[in-house]
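Each chain gets a letter, A, B and C, in the order it is written, and its residues are counted from 1.
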Amino acid sequence: MSKLDQHKSGAFISCRNVSKFFGSFKALDQISIDIQSGEIVCVVGPSGSGKSTFLRVLNALESVDEGNILINNVHLPGTRQDVENVRREVGMVFQQFNLFEHMSIRENVTFAPRVSRGLTRDEADHLAENLLSRVGIVEQIEKFPNHLSGGQQQRVAIARALAMKPQAMLFDEPTSALDPEMVIEVLDVMRELAHTGMTMIIVTHEMGFAKEVANRMLFMADGKVLVDVATEQFFDGGKNQELEQFLANIL
Amino acid sequence: MRFDWDQLIRYGPDLLQAFGVTIWISVVSLVIGIVVGMIACLGKLQQRGLAYTLSNWFIDFFRTIPEVVLIFWVYSCLPLLLSVRISSEACGIIALSLFSAAYLAEIFRAGILAVPKGQVDAAKALAIPRYHTWKKIILPPAIRRMMPAFVNFLTELLKATSLLSAIAVGEMAYTASILGAQTLSYFEFLSAIAVLYFILIFPFSLLARRSERKLLQKTGH
Amino acid sequence: MAKYSFPIVVFVALGVLAYFLNWELILSLDFSVVWEYREVLLRGLLVTLGLTACAAFAGLTFGTMLAIASQSNIAPLRWLVIAFVEIWRNTPLLVQLIWIHFALPLVTGINTTALESGVIGITLQASAYFTEIVRAGIESVPKGQWEAAHSLALPARIRWTRVILPPAIRTMIPPLVNLTISFFKGTAILSILHVSELMTVTNRISNVTFKPVELFSAIAVIYFVVGIVLSKTTLKLEYFLQKREH
């Protein structure tokens, strides 16, 4: 069987037996999963279960040690060009925002489209103004990140990722570093994005939000995906003891 | 004892010329040191392999041996080993360049490593090409972070130029010693160059401290 | 291609160097001279280490006194300390040494031997550098500690020895050790006055034996080994101290 045949055709993201080690620690353990275009998947699990590593592997921020991934018909691990092609189609939002601190909000959003999509300054500016007004911060466009609240910074980070016109978005605990009153504004932006049909994979602890927007839930522990079901069945719990325990602790 | 201003005025041009030599040697050594230091820094950033090992040894060696020993080694050994004549000035520049390169490599490296990893992650996730990542994402904050140490190093380099008097390079300390011996007005000449060195070095010290304060305010630690 | 460019550059550079090297001389190098003069060199190394220890202890003692004075309420005293520190930190050690040895006696009328001048010079410079570190250490102690000590009406001596200095010293240890290592390097500058430390001794042997390449290479290695041992052990020590605290 060729490498391509192992993957279910049509899936936007397709992982086969993906493992990742940090030294002798197994962060991801034989993960196989398919995600279709337009799906909204929430990943939950105790800390250290490999959720973040899973997202980072999907964006080639961490290398795959075993197994392989097919994203948008590009194989990982792959050449530097493959990696770049994947990243161009998959946006990522980080827990700590990671805005470029020495660039204004405008530059933060326009820089990547200009240098890696080849947009002109005018096109990029136009795009940035559109996206920033969508996330509600267009008035702050000339300010620098450290003049914005955490919630505003995270919304800029979402706009920055969207400016690459990705086909899928990865969210790595996007609200965990925020004060409670700012969580809502970020979730609102994500909810709106979900309604546009964007493929989204979200690592989160916000169960209410997950229940509302996700159509599929993954539960991870010890680097494995233990539960992979539709959202309605997920919160009924039942089958998995570790999941029961986890839900009991968090809800 | 009376402070003999006449001697100072008479030999003023010589002192000024020596002042120029000190600055000239500092600038040349600094420029070579920056170039070589950048190469060594890049080598050490590899974290393993031949480039890393060589850079690491280079940096450790030239940071650890005393500058005087380095200067004497270059002056008395290098011409023999290469069987060429090298002027004492060139020897001084070679030695100070090696010394600068080793120190600057570590300063550059510390600045680059101080850039939060999340910034590079974000650049990668946005598929920003490597060249642009270095130019726009890593270097601007890295340069800001290395500024205090860099300016502080300038004070060290300026002080180190005085050591070249040991191999008879006509910079300030050497010229003052010679003039002192000729005229027996040691006090006047040595005090004069002490003041000149202070005038030259102190502003950099102040600048280093100011840029450090500013950096602390900005990064908030 | 980029992966191999560095090794290629290195090998080409080494090749060019090898071409220009005077192999006749290199093959005739005779390092037995180092062994022959081992006792003299060892004595020189001991003087170097002694001077380093002297700079460290005297510098720390005076530095601590000056740092405490720099916290004084008397403004002129503070200014004096600042002036002292800035003058000694912002001029080269070499200039300080020749100034003390050649210029100062013309004013004071007291002649000092080379060793005395050297010790005075390195001690004064060490004091200035140590003052800065001790002062930074003292200022790193949270203000609340001072206020608590004052509100308990602790006498000044107790306040310093029991409240302020112990936590200050802990933050000061790494920079103090680094400074001591840099004074180990600095002692070589004392060779300008012909104090019998390692560098002076080597110069003398070289003048008699005409074997500068062997001798200077050997002492470069000696300085390197001693310096690297000092700095690596202190790194380990720091790591150990940090681990013990948690």
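Going forward, a contact is a pair of C-beta atoms (placed from the backbone, for glycine too) under 8 Å apart; a residue touches a chain by one contact, two chains touch by 3 or more.
Treat the numbers as computed from the prediction; the structure is a model and nothing was measured.
K.L.:
Given the touch definition stated above, what is the smallest step count connecting chain A to chain C?
P.N.:
2
K.L.:
With respect to inter-chain C-beta contacts, which pair, B-C or A-B, contains the greater number?
P.N.:
Of B-C and A-B, it is B-C that has more C-beta pairs in contact.
K.L.:
Among all chains, whose Cα centre is located farthest from the one for chain A?
P.N.:
C
K.L.:
Determine the centre-to-centre distance between chain A and chain C, using the mean Cα coordinates as centres, and give it in whole Å.
P.N.:
Here the centre of chain C sits 52 Å away from the centre of chain A.
K.L.:
Please work out the Cα centroid separation of chain B and chain C, and write it as a whole number of Å.
P.N.:
Here chain B and chain C have centroids separated by 18 Å.
K.L.:
Distance between chain A and chain B based on Cα centroids, please, to the nearest Å.
P.N.:
One centre to the other, that is 46 Å.
K.L.:
Would you please write down the residue numbers of chain B that are in contact with two or more other chains?
P.N.:
Touching at least two other chains: none.
K.L.:
By residue number and range, which residues of chain A touch two or more other chains?
P.N.:
Nothing qualifies.
K.L.:
Per the contact definition, I'd like the list of chain A residues that touch chain B in the complex.
P.N.:
59-61, 84, 87-88, 91-92, 94, 96, 98-103, 111-112, 115-116, 157, 160-161, 164
K.L.:
Contact residues on chain B for chain A in the complex?
P.N.:
Residues 116, 118-119, 121-129, 132, 136-137, 140-141, 144.
K.L.:
Can you list the residues on chain B that touch chain C in the complex?
P.N.:
Listed in rising order, the residues are 1, 43, 50-51, 54, 60-61, 64-70, 72-73, 76-77, 80-84, 155, 158-163, 165-166, 173, 177, 180, 186-187, 190-191, 193-194, 197-198, 201-202, 205.
K.L.:
Would you pull the chain C residues touching chain B in the complex into a rising list?
P.N.:
6-7, 10, 20-22, 25-26, 86-87, 89-96, 98-99, 102-104, 106-107, 185-189, 191-192, 199, 203, 206, 212-213, 216-217, 219-220, 223-224, 227-228, 231
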